[in-house]
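This report refers to the structure that appears directly beneath it.
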Amino acid sequence: MEGVHPLFNEIKSLNEECGVFGVFGAPDASQLTYLGLHNLQHRGQEGAGIVSSDGEHLYQHRDRGLLSDAFADPNDLKKLVGDSAIGHVRYSTTGRNSIQNVQPFLFHFLDGDVALAHNGNLVNAVSLRNKLEKQGAIFQSSSDTEILIHLIRNHIKDGFISALKQSLNEVHGGFAFLLLQKDRMIAALDPNGIRPLCIGELDNGAYVVSSETCSLDIIGAKFVRDVQPGELIIIDRDGMKIDHFTKNTHLAICSMEYIYFARPDSIIHGVTVHNARKRMGRLLAREAPADVDMVIGVPNSSLSAASGYAEELGLPYEMGLVKNQYVARTFIQPTQALREKSVKLKLSAVRGVVAGKKIAVIDDSIVRGTTSKQIVKMLKDAGAKEVHLRIASPPFRFPCFYGIDISTRSELLAAHYSVEEMRKIIGADSLGFLSIDSLIKAIDVPDRGDSSGLTVAYFNGKYPTKLDDYEAGYLASLNAQERRQRKELSNESL
Amino acid sequence: MEGVHPLFNEIKSLNEECGVFGVFGAPDASQLTYLGLHNLQHRGQEGAGIVSSDGEHLYQHRDRGLLSDAFADPNDLKKLVGDSAIGHVRYSTTGRNSIQNVQPFLFHFLDGDVALAHNGNLVNAVSLRNKLEKQGAIFQSSSDTEILIHLIRNHIKDGFISALKQSLNEVHGGFAFLLLQKDRMIAALDPNGIRPLCIGELDNGAYVVSSETCSLDIIGAKFVRDVQPGELIIIDRDGMKIDHFTKNTHLAICSMEYIYFARPDSIIHGVTVHNARKRMGRLLAREAPADVDMVIGVPNSSLSAASGYAEELGLPYEMGLVKNQYVARTFIQPTQALREKSVKLKLSAVRGVVAGKKIAVIDDSIVRGTTSKQIVKMLKDAGAKEVHLRIASPPFRFPCFYGIDISTRSELLAAHYSVEEMRKIIGADSLGFLSIDSLIKAIDVPDRGDSSGLTVAYFNGKYPTKLDDYEAGYLASLNAQERRQRKELSNESL
Amino acid sequence: MEGVHPLFNEIKSLNEECGVFGVFGAPDASQLTYLGLHNLQHRGQEGAGIVSSDGEHLYQHRDRGLLSDAFADPNDLKKLVGDSAIGHVRYSTTGRNSIQNVQPFLFHFLDGDVALAHNGNLVNAVSLRNKLEKQGAIFQSSSDTEILIHLIRNHIKDGFISALKQSLNEVHGGFAFLLLQKDRMIAALDPNGIRPLCIGELDNGAYVVSSETCSLDIIGAKFVRDVQPGELIIIDRDGMKIDHFTKNTHLAICSMEYIYFARPDSIIHGVTVHNARKRMGRLLAREAPADVDMVIGVPNSSLSAASGYAEELGLPYEMGLVKNQYVARTFIQPTQALREKSVKLKLSAVRGVVAGKKIAVIDDSIVRGTTSKQIVKMLKDAGAKEVHLRIASPPFRFPCFYGIDISTRSELLAAHYSVEEMRKIIGADSLGFLSIDSLIKAIDVPDRGDSSGLTVAYFNGKYPTKLDDYEAGYLASLNAQERRQRKELSNESL
Amino acid sequence: MEGVHPLFNEIKSLNEECGVFGVFGAPDASQLTYLGLHNLQHRGQEGAGIVSSDGEHLYQHRDRGLLSDAFADPNDLKKLVGDSAIGHVRYSTTGRNSIQNVQPFLFHFLDGDVALAHNGNLVNAVSLRNKLEKQGAIFQSSSDTEILIHLIRNHIKDGFISALKQSLNEVHGGFAFLLLQKDRMIAALDPNGIRPLCIGELDNGAYVVSSETCSLDIIGAKFVRDVQPGELIIIDRDGMKIDHFTKNTHLAICSMEYIYFARPDSIIHGVTVHNARKRMGRLLAREAPADVDMVIGVPNSSLSAASGYAEELGLPYEMGLVKNQYVARTFIQPTQALREKSVKLKLSAVRGVVAGKKIAVIDDSIVRGTTSKQIVKMLKDAGAKEVHLRIASPPFRFPCFYGIDISTRSELLAAHYSVEEMRKIIGADSLGFLSIDSLIKAIDVPDRGDSSGLTVAYFNGKYPTKLDDYEAGYLASLNAQERRQRKELSNESL
C-alpha cells in the first residue's frame, strides 16, 4: 500500500544512493539476485526491487523498505521467473520515498520492454529533464535515473545500442547503469568510474554484474574484472562483449567507498576495503598519535581503522562501544534533536571496559558532528577519563554530487569550523584527522598513473567532472578564497 | 504492496469501467470526494484514488480494491489536504490490475502538476500510443487514459486549455475526463455524451462534478445541470465557465446506463433511472406477457423492471430471489466453470415463495447466459413449476467499445443464437426480450430531436462513432449480413 | 495483528450476536463451512473463525472483521484440513473486539481438544464466572461462551457427554452451542429454543448444523429438521443421535428472528421468513392504513412487509429508498451524532419517485428512532409531500437478554415515549405499529399448542426465563406499573 | 493476523528463550519499556509485547516477530498509557509460534488483572499442568509460564503475595518472573539465580527491572543491584521492598550467559561480559595455542575472546569474517541442509585478509558443528592456508533445561564424538577447547563462596536442580558411564 511508512532513523548521515546486481543465463536468476542484493543491503535500505526475464517477458517486483520487507511474501520471488534478472537496493536522497521511485524501473514499449537500475547521481539531470519536458516528455518518477530512458527513446531510430551510447554521453556525473532487455543485459560506467562495478562468473558460465565483490562470494561466483570507466558491457546468449561509449576517461573512484560505504570484504580495483581502512588507521596513528590506555573503534565501519591505529602504536585494541544489531523504529521525524538522541538506539558504551581509562576512539568521518558529540558524551558518562577522537579520513568540507546524500555544505561541520572549534563542539579531549596524502597512500589504487585514481573532492573541492546544474549553488556556498580556487580550477581543466 | 490480490468473482459479466467525482473550493474536499465515490462504488470495485489540491501542491492516494480497502487507514484521507479534489473508482478491463493503472493519475511537470481521471474508452488509443511512442513518449501505465496527457504535452506551447482542446479532438470514443491542477478543475465530455456527467453545487457555492447524481445527494449538493456533449467545464476561484472543445456533437448516451449500470436513484438527462426501468418492465409486459402466478426480479438491478412488469399485468410481485449483501472472496481464477457455480454465492431462491409456482423472472440483460441458466436451475431446484425468463432489454448482440467490459462478440450469447436456441441453453420455459423501440420509448430522453439520444449499438450494431483501432477486428467478427450492413453504414455516416 | 481496526458504523442498532455452522464427514469440510458462514454473514460482521478436524487434530483459524477479511489469504482455509469443521460469525456486544473473543474457541487438553461456538446470551454468566474464578478458573476471553467449557471440565470425571449435559443445565438464557471434538460434532439448544438451529444432510450422508436454512441451500444440503428445545444432537462416524439434556422445555423462539434478523429465504420452524414478514405488512395495513400515493420499504429487511402492506391496500409498491451495497468505513467513534449522519452512507431517497408524493414508508422496527428520523427527513428533502411511517412490529419497549445487542432500556425510544410523542420526535406525518396479537398471527408458529411459541418479551416484558444477573438492573429500569407487573409475573411462573 | 510467518533462519542453534523488562512509576513507561526491550532484542526475536498500567487498568499489545515488527504501528505504543509497564521479547522453543504464546500474558479477574512475563524454563511444567488440568484448569497457551498464574489462583484465598510465594515454591527450574498489577510490579528469581535479573533506578526515583544491565543504560537508569536467588522484589507507590519466597538458595547462574547470550556491555553479578570473554580467550590461548599468522573471531559474539586470544599470544587480531547486519528471510523449513547453506547469508570471509594465511579462528561454542564446518570451508575457499579452530568454552555435551533451546542430546556434536572426531567432521586443521576450570576462572563470579557460582551442567552434566519431568528422558540419553555418574549424583545432593 502506498500509505505512510515508519521512519527509520539513521545515526549516520552519510548515505549511499544504491547498489545494483544482475545475472544473465542462470536458473533461478531472481533468487541469485535476491542473494546478491542481500549482500548489498548496506548500500540502500529504503527500497528494493528485481526485474527478471524469461527470454520473452520481463517481470517486476519492487517495494519500499529493506529487501526482507520488499520481498516479504515468498510468492514475490516465485513470480519473477526466467534465467536473467537485475536488482536494486535504494537509498532515497530526496524524501520522496514513493514506490514509483523504487528501481529497477520497467518501461513498456511496442518494440520491447526495458528495465533500468542505477547507482550514482547525474549533475545535469535538471537541465536534461527540463529540455525533455519541453519536448513533451512525461516522467513517472522524481528519480534522475529515468532521464536515461527518455534520452534513449529520443535516439531509438538508430537502434538500441547506438541510442544508449549517445545517451550515456549526454548524461554527466557518476553513474553505474544496469539494463535488462528480454534477451540481453547491459552495464555501463561513467567516464571517471566514480561508482564501483564489477563482473563475476558462475560455474555454469553465466555472467554476473554487481556494485561490490561481496555479492559475488555469496552466490559462489568468481571475480572476473572491474568494469572500467566509459565501458559498456553487453551480455547475451553469445557471451560477454566489452564495448565502450567513450574513450575520454580518467579513473577517479569515490574515496568514500573505501572510507565508509563499501563492505570491508569487498575488493575494489584490487584493493581489499578492510586492508585500506587498516592502513588509514596506521597512517592516522603516525600523523595524530594519542597518549591513551586503549584504542576503540565506532562499530562497525571504523573497527578496521581502529585496529590499525592500535597496532601502529602498540596499544590495546578494545571493545568500548557495542552496536545493537537490530533496527529501531523511531516514529518521529528525522530532526536534529532526534538524531542526537538516537545514537543510543544504535550504540552503547561498555562501562566495564572504559571506566577510568584514557581512550582513543576512531571514527571514519565527521559529517554534522552530532554523532561524534554523542559518542564522546556516552563514553564519558560511562566513566572514561579522557576521550581522544581520531578520524580516519580528512575533514569533510565539500559536498558530493555523485550519489552521497550530502549535496549542500550547510550541514558539513568541517566546512564551517577549524579543527579546534570542532573539538570544542564535540567535547573531545583532542581531535585529529588523516591527511589527504595519507588517505591516497592508504588506499593506493593500482595502475593509476600519476593521479590518485580517486575522487577526494569532499576534502579539497576538486571535482573530476563539471558540476553543471549544481555549479551556481555550489559557488554560492563557498567563501571568498574557495571561490577563487574554484574559478581557477574551472579555467584550467573542466 | 504490489503482491497478489485475491480475485473477486463477479456473477455479472457486464462491468462499467469507472466513475469520477470532483469538488472545487470546499473545506474537507477529499472527505467529500470519498463520500461521492462511495455512492459511485457500483461503477468500479477494483481500484480507487483521490488527488487533492491545497492551491499549491497536489496530493495523491490510490490503491487497489474497494474504496474501503484502498482507504483502509484513516491517515490515507487526512494527508489529502486542501479544498479541491478529484477521485476515481475503477474497474479494470484488461487484467492488468496493477497499482500503476489506478486513477487519478498524477503527473509532475516543471510548469505545474496535473491529475487526471477518466470514465470511458478510446477507440483510437492504440494508434495514438503507437504514434506517440515513435515520437519518444514513455508510458507509465497500460491505461489509455494516459494518452490524453501525452497529447496535451505535445501542444503545451499553446497554453494548457488550448492544448487540452486540441487533444480532446484527437481522441475518439466515449470519454468523461476530470482534471485537477493546483488552482483549477476541468471536466470534458465526448462529442456524443456517451458517458453521464453532471454538475452540482454545494451550499457554500463550491462546484461538484460527478458521473451520477446519486453522489450529489450524499454530500448535500444540489443538481445544476448535465454536462453536454463536447463541453469543457472550467472551475476555478472565479467560478464556473462553460466552454466547448467541439461543436460537432450529437447526444447518444449509453443505453446500458439506464438498463444496468447507473443507480436507480440517479437522474440522467432528466430521466430517473428507476422510472425508466419500471417503464421497460411495463413495455416488456406488453410485448412478452407470461401466464404465471407471480413475477420476481433478479436483485438488485432488475427489481424496478420486475415491479413494472407485475403492475402492468396485475400479477403479484414477489421476492423469489435473495441477494447476499456481502462479497464472497473466491480464491480461484474467473473461469467459466467458476462463474456458473458462483451465482450461488450471490443469489438464493426463496423456497417458501417459489415452490409449486409458475414464475416470471425478470432480468435486465443476458450476456453469456451462464447467470440466467443458473438462476433458472436454482428456481427449479427450489420447487418452481415453470420459469419464464423475461429480459428488460433487447438481445445483446454487439460489443461495446466505449467502456463496458465487452469488446468481443465471442462471449455474447445473443450474437450466436436465436431466441429459441437461447431459451433451450438457459433451460427456461419461455424467453422474451424488450424491443429496441420500446427501450427507446421507455427511457424517452428529453430534447433529443429526431434521434433516440441513445447509443443502442449493443443491440443493432450502429455505433455513434468510427471504431478506428477496433474496426478490423469487429468486421471479422460479423457474419455476412452484418458485415454488409456495417459497410453500408460506414459509407453513409461515419 | 492486534492493532486498531477501523470502526464500521452501522445504521441499525439491532445486532444479532452470532451465527454457527458445522459439517461432519464431508471432504473439504472447511470450505463448506466457509460457504455456510457466507450465508450467515448477516448474523455477525465483527469476527469469523473455523475449526476443522481430520480425525486426529483440530485446526483453527479466526480473525476479526467480515468473513472475507478474516480469511483474506487463500492459505487460511487450506490449512484447515479434515472432513469435519465448525464455524462462527460474530457480532461483539461488549466493545471488546479483540481476537481472543473470536470464535470458535479451541481448548487444548491432555485428554483431547474441544472447539466451541455459540449463538445466544446467558443470563447467569457473571454469577457463574464469579463462582468459577473463586474456584481458581482462569478465563482467556471476556465472552460468556467460555463458561461452558469450564463447567464441563468441572464435571469431566463423569465423561464428556455427561459433563456437557450437567453443564447445559447450569447455564440459563438463550443458547445454541456447537462443539467439535476430533471424532464428534455436538449441537445443543436452550430449553426455550430461543435461537434458531437446524439440521441438514448432504448427498453423501454427511450431516450439517446451521443457524439458518439459507446456509443449507448454498452447499446443496437438504433440510432434515429443526433442533428442538433441550435437545443434544450428537453426530459421529456412526451417524446422528438425538439426545436431550432436559425435558423441561417450552418453545419460545425469538420473534425478532422473523421480524429482522433472519434472511428472508430462511425457513424457521416451518415458516418462511419472507412470508411471515409479508403477512406482518398485510396485518399492519389493516391495523394502521394510510391514505397515500404509494408504499415504500426501508431496504432490505422491510421490503417484504412493505410489499404486503401495499398489496393489502391496493397501492403502488415503489422503490423510494435505495441501499448502497457497499460498506462505508467511517473512521469515527459510533456516537449518536455520527449515527444520524451515517444513514446517508447506507440509504438514498429516489427523488424521481417520491417528489410531490404522499408516501407510506414501512420499517421493521424502531430502536433509538434516529434512523427513522433521518429517513423521514431524507424523503422530505427529496420532495415527498407527506411521510407516514408504519412499523411492521410492536413498539420495542423492553431489552433483550438472549443475544440481541439491546440490554438496557435507556436507548429504546418506545420505552420512554407514547406513539404520538415518538411521531413528533421522528417528524413523520403519522406513525403506526403492528399489534402483538397480529405479530403472533403473522408468524403463526406451527404445533405451538396454546402458547405463541414466540418470545415477544421486547414488546410486553414477559421473558421466558428467569433473568438472574440482569434481574436487579432490569427492575431498576422499569416504571412503577411495569415493576408491579414484573413482580406478579415473578410470583407466578418464573 | 494469525497467518503464516516467513521463517527466519538462524545460523546459531543456541537460542535464549526470553528477556524481560519493567518500569514502575515513570511517565511514558511503555516507551521506556520499548527502549529497554530494544536492547534485549538479542534474547528473543520471535515475539514481543508490553502491558502497561495507568493505576486503574492494564493495557496490552503483543505480536509475533521482532520488536519493530510487533510494534509496527505508532499507535501500538500510544495506546499503552500509564506510568508502569512490563515487556517481554521471546524466542519460541516449541515451534508453536502462535500469538497466544507471546508474552506478557494478561489475565482478567474480577478481583483485578495480572500481567506476567517470564524468562527461563520450568522442569516440572508438564506434571504441574497435568495435575492442574485434572482439577479443571484450562490453559490458553502452550507456554509453561501460564502455570504460575494457575497455581496463584489455587492459593488466592491467602492473598496475592502469599499465593505467589507458595506458587514460586511449587515450580522448579530456572526462572525470572516479572508481574504487573494495576498498582504493583513484582519480580522473582529462582533459588539458583540461573537467569540474570537486575534492578535499576531512574532520576525520578522510578524503579526498573531488566534481564540485563545494557537496558538500564539506554534509558539512563543507574544500576542498583542484581536480584538474588529466591528473592521477591515488590515495587509499588511506597517504593521497593525486597522480600524472598525461599531461603534455601544457592547461586548457579547460567555460564552460557557469559559465553554467548548476554550483550558484551552487560554486567552480571559484577562481571562485565566482554571482559569475561576476553579472559576466556586469554586462558584458551594458554591451554590451546596455535602456530598461526593471525587470529580472527566469528562475529559478533566471539570477537571479545578472539582479541584476548591474540593479545595473549602476541599475534595480529584481524577481521577475517564479516557479518551481514541485515536479516535474510529464507522461505524454507529450518532443515539441516538449509542451516548449512544459510551461514553464507550471515557471514562472509574477507579474501584479502585470509588468502595465503595460517589462521586461528575463535568461536564461542560448538553445538551441532554445522556452522563451524561452514566457516572452515568458507575460509579455505577464500584462500586460507590452515584453519585452526579454537572454542572459548568447553565441549557442549549435555542439554539445558533452564531456557536454552537445547533439551535433547541428539543434536550435540560433543555428546557423541571425541575432539579429534569433531575436528575431522568440521574439517579444521586443529581444534581446541577451553577447560571447565578455566571457564570458571575467566568468569570469576565474586562472593561465590566455595562453589563456582555458575551452572556448567552443559559441560559436566551436574545440574543445580532436580530434573523432574526431564529426568527419565535425560537418563535414557546417557551412555553407561554417564548414567552411573548421574545416579551417584542423584544419591548425593538432588
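Lettered A, B, C and D in written order, each chain numbered from 1.
Just so we're on the same page, contacts are C-beta pairs under 8 Å (C-beta built on N, C-alpha and C of every residue); 3 or more make two chains touch, one makes a residue touch a chain.
Remember, predicted model here, so these are calculated numbers, not experimental data.
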Each chain counted as touching chain B and chain C at once: none
Centre distance in Å when chain A and chain D are each reduced to the mean of their C-alpha atoms: 37
Distance from the mean Cα position of chain D to that of chain C, given in whole angstrom: 50
Centre distance in Å when chain A and chain C are each reduced to the mean of their C-alpha atoms: 62
Chain D residues counted as touching two or more neighbouring chains: 72
Overall pattern in which the protein chains touch one another (line/ring/star/complete/other): ring
Residues of chain D touching chain A in the complex: 6, 35, 38-39, 41-42, 45, 66-68, 71-72, 74, 77, 214, 217-218, 263-265, 267, 271-275, 300, 303-304, 307, 311, 316-319, 322, 324-329, 331, 344-345, 348-353, 382
Complex contact set, residues of chain B against chain A: 1-4, 61-63, 72-73, 75-76, 79, 99, 107-111, 129-130, 133, 135-140, 142, 149-150, 153-154, 156
